[in-house]
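Look at the two complexes coming up: chain A is in both, with chain B in one and chain C in the other.
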Partner chain A sequence: MIKRGFQVAARFGHHKPLPRNPQILPRLHLVSAFGSSTDSLVARFCPEKTDFKDYALPNASWCPDMLSLYQEFLEKTKSDSWIKLPSFKSNREHIRGLKLPSGLVVASDKSDQRIFTRCIQDEGQGYEYVIFFHPSKKKSVCLFQPGPYLEGPPGFAHGGSLAAMMDETFSKTAYLAGEGLFTLSLNIRFKNLIPVGSLAVLNIQVEKIEDQKLYMSCITHSRDEQTVYAKSSGVFLQLQLEEESPQEQ
Partner chain B sequence: MLRSCAARLRTCGARPANPGAAWRLFSSEKVVHKDYALPNPSWSKDLRLRFDQFMKKCEDGSWKRIPSHRQNTSPLLQDFQNRFLDPKFMKEEKMSKAQKFTRSFEVGLGFEYVMFFNGAEKRVVCFFQGGPHLQGLPGFVHGGAIATIIDITTGACVNISEGIAMTANLNINYKRPIPLCSVVVLNSQLHKIEGRKHFVSCTVQSNDEKTLHAEAAALFIKLDPDKRLT
Partner chain C sequence: MIKRGFQVAARFGHHKPLPRNPQILPRLHLVSAFGSSTDSLVARFCPEKTDFKDYALPNASWCPDMLSLYQEFLEKTKSDSWIKLPSFKSNREHIRGLKLPSGLVVASDKSDQRIFTRCIQDEGQGYEYVIFFHPSKKKSVCLFQPGPYLEGPPGFAHGGSLAAMMDETFSKTAYLAGEGLFTLSLNIRFKNLIPVGSLAVLNIQVEKIEDQKLYMSCITHSRDEQTVYAKSSGVFLQLQLEEESPQEQ
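== the complex of A and B ==
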């Protein structure tokens, strides 16, 4: 019954408070010290109706591996509480109605900003990715296909592009799992090169939430898990966003 | 070699359908040779002043400006291709579309940067201005974009003085977020060599050097000339 409650909430962005999952794992806290539960964060993050374009949807450039794994996870959103995260052109669109705490607002031209991982809009040329999040297990899976613009060594993705994909997936996971906002540290061990145009799977797990910090680990591997591309860990600082006043919107 | 590159690019340029700026640019021979590590209208006054300051330092030969092209036609990279990569990955189509990661943005929107290298001290200094398409939190540069410029700067430290090396580890501590369109200074230093391992440290500071934005440590492994990577 509770599991079905989660599914309903996930699909329809239900705003009613949900019964808490009674299986609380010793190290994880479903409700962060900051008070916004994962459920309400997810509900706000995944709006039922939006005019914003969702870039985390299949297109002609997606390789067969990416398409099939995407379908597998789409099935899991129906049966197993996974949620497909939307991906908009700017993080402003993701935090609509909210803003950074007053000390951190920067006066800048808002109109032209684009989130780094959606900067290259030509299909298949830059970052092709989609993130699936599991609220109660506090895990994420990112399907990432680097395009030719992300090249470093000829034919392979630049290390920086993978670092960016890791930071981005950590960032969305940290936010939904516990209002993690700022990267505090990133530690990446590169093992193998990712061929341009192939699928890399990033598996992220929240390890603990302690002292206003979220600790996460990530393993990036090929579809068949035979090749490990990199292992990494990330620490994010928890910070609550504030409601925007009507004049600011 | 460059002529055949240019010929391939011209063929690419003839491809229809994709209206993206990339195709237009690739049809021009000039683009292959364009050096992006030079001032353009999007550079802020701070960035220009820093450029001028270090160009002066280049006059006695102790510092050198590192040119930056979109296509990897440098002899260093050609050598890499020939020795370390399996020919089956070298599909001509992929090669001709290839663009250096940080130079695939329209002017001022992405990475605007220039690097200077000091051979005697094994140091690279990079002046970086992050444009609006590098957004992380609204108004600030994405942590991944910062990781990228750190990787490139520390990598240059090793590649130029010691030869081609690959990033093995990258460890970054973020201290203060970097506002979009501000100028930051990256100071990287090769400080230890153990066989093929090269240890590089790097700091990221505001232009006035009053704010420490990030600190990083990277490990690069120089490629074994007798082993293929793939």
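== the complex of A and C ==
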């Protein structure tokens, strides 16, 4: 398992590619010690003032369960070190001033890009979600309400929509907890279907950080915790973003 | 691993729930022998005439690789038993005249529902894909072109968008190959990022059908097969859809 993960890291640019693993992406610089503290990452990720629209705010489509749990966590941001993460239209806005390592930059055609989980902008029709992050405990909670455009079986959320919500919450958690940048693996066991329009709560925990990889777990359940919707794990590769030069900004 | 899968089946309604596994969904009728042949499932799934719009047809946004591979497979439908699957706006259209087992029916508010992978209707912005299925070989090929609304890292498809595409292709394959209805597990190892606007090819194979479960594998690669984007496996639970009564149709 560890060997396999390490081979994957080689594909994503480990500085010593292993034999028999052709390096497809250009070589990237993987630093061995990650310099950015969670505090500095959070400070940059959650600007006090920004012109970008935050989509992780209550709207008329939120069900009562979602609204009340949001208010509960908002209270915790005042006293218990929880942080409400903003959610912009694109990751480009989240990492403004930074860019992917140079081996991973593609030409942009300046089209209208959106992060997948904000692909539908009609309130309540697609993804409604908000992520709270606890820096010292290295855990996150995501409140997720799938709309009718996220359907799989009639009346229920598509398994893939939950998989994407997990990947996105893992992704933001991994970045803030330790500069985790790319999903290496995602393993999901589905237990029950989520009715469209209802609240699912994702509880994510960073289990360990080892060999430039973050290992995380997630349990998704109903608000009353009586119904487990899915259990999953995710492994992310640590990679540092690079500063953009002034002419790129 | 098998034991775990069996426990999950209990949650989704196995007729003999195992001890220590509370049955959350209402009890469903799981037949031990699945009566519908792949031929009859395909015949119902691919009507010669329908009023529903098929979204799995070429449009101006398709890249040259996607168009030419589509034409190649279309040729194979004439001589080599491959079938091009239609793709409607909702699974409700795919299973018209049928419904989920009665324990899984939810009240519908008659809102505008969409299957998740057709959630974005602007050509080229979201999911562009078409699935070809080979009944006797029990395998599928999905041509997938992620648009700029499916972004994760700037310029590349979100890992969750590929996860959902895999789940959807697994789902249609599982249904036609053996009435696989619900995802029990999905395990993905990501190898390389897919540039937005380019073609990714998903090759899915049913590996075995055992204990009312379908086991499938998927390799996703570039058209020239030089770049592997991801490898995955999926397990689906077999469950028969029920005939709708005339007043429900």
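Here, the second predicted complex is superposed on the first by the 215 of 249 C-alpha atoms of A that agree within 3 Å, B and C clash if a C-alpha of one lies under 4 Å from a C-alpha of the other, contacts with A are read in each partner's own complex, and residues count from 1 in each chain.
By our rule, a contact is a pair of C-beta atoms (placed from the backbone, for glycine too) under 8 Å apart; a residue touches a chain by one contact, two chains touch by 3 or more.
Everything numeric in this text was worked out from a predicted model, so none of it was measured.
When both complexes are superposed on chain A, chain B and chain C end up clashing with one another. After overlaying the two complexes on the shared chain, residue contacts for A:116 are found with chain B and with chain C alike.
In the superposition on chain A, A:90 makes contact with both chain B and chain C. When both complexes are overlaid on chain A, the residue A:185 reaches chain B and chain C alike. By the document's definition of touching, both partners, chain B and chain C, reach A:155.
Of the two partner chains placed around the shared chain by superposition, chain C is the only one that A:227 touches, whereas chain B remains out of contact.
Where the contact sets of chain A with chain B and with chain C meet, they give residues 90-92, 95, 99-100, 104-106, 108, 112-117, 119-120, 125-126, 148-156, 158-161, 163-168, 171, 181-190, 193, 195-197. Of all residues in chain A, only 90-92, 95, 99-100, 104-106, 108-110, 112-117, 119-122, 125-126, 148-156, 158-161, 163-168, 171, 181-190, 193, 195-197 touch chain B in the complex they form.
Put simply, chain B touches chain A in their complex at residues 18, 20, 22, 72, 77, 80-81, 85, 89-91, 94-95, 97-102, 104-105, 109-110, 132-145, 147-149, 151-152, 166-174, 177, 179-181, 229-230. Interface residues of chain C facing chain A in the complex, by the touch rule stated above, are 4, 8, 11-12, 24-25, 90-92, 95, 99-100, 104-109, 111-117, 119-120, 125-126, 148-161, 163-168, 171, 181-193, 195-196, 226-227.
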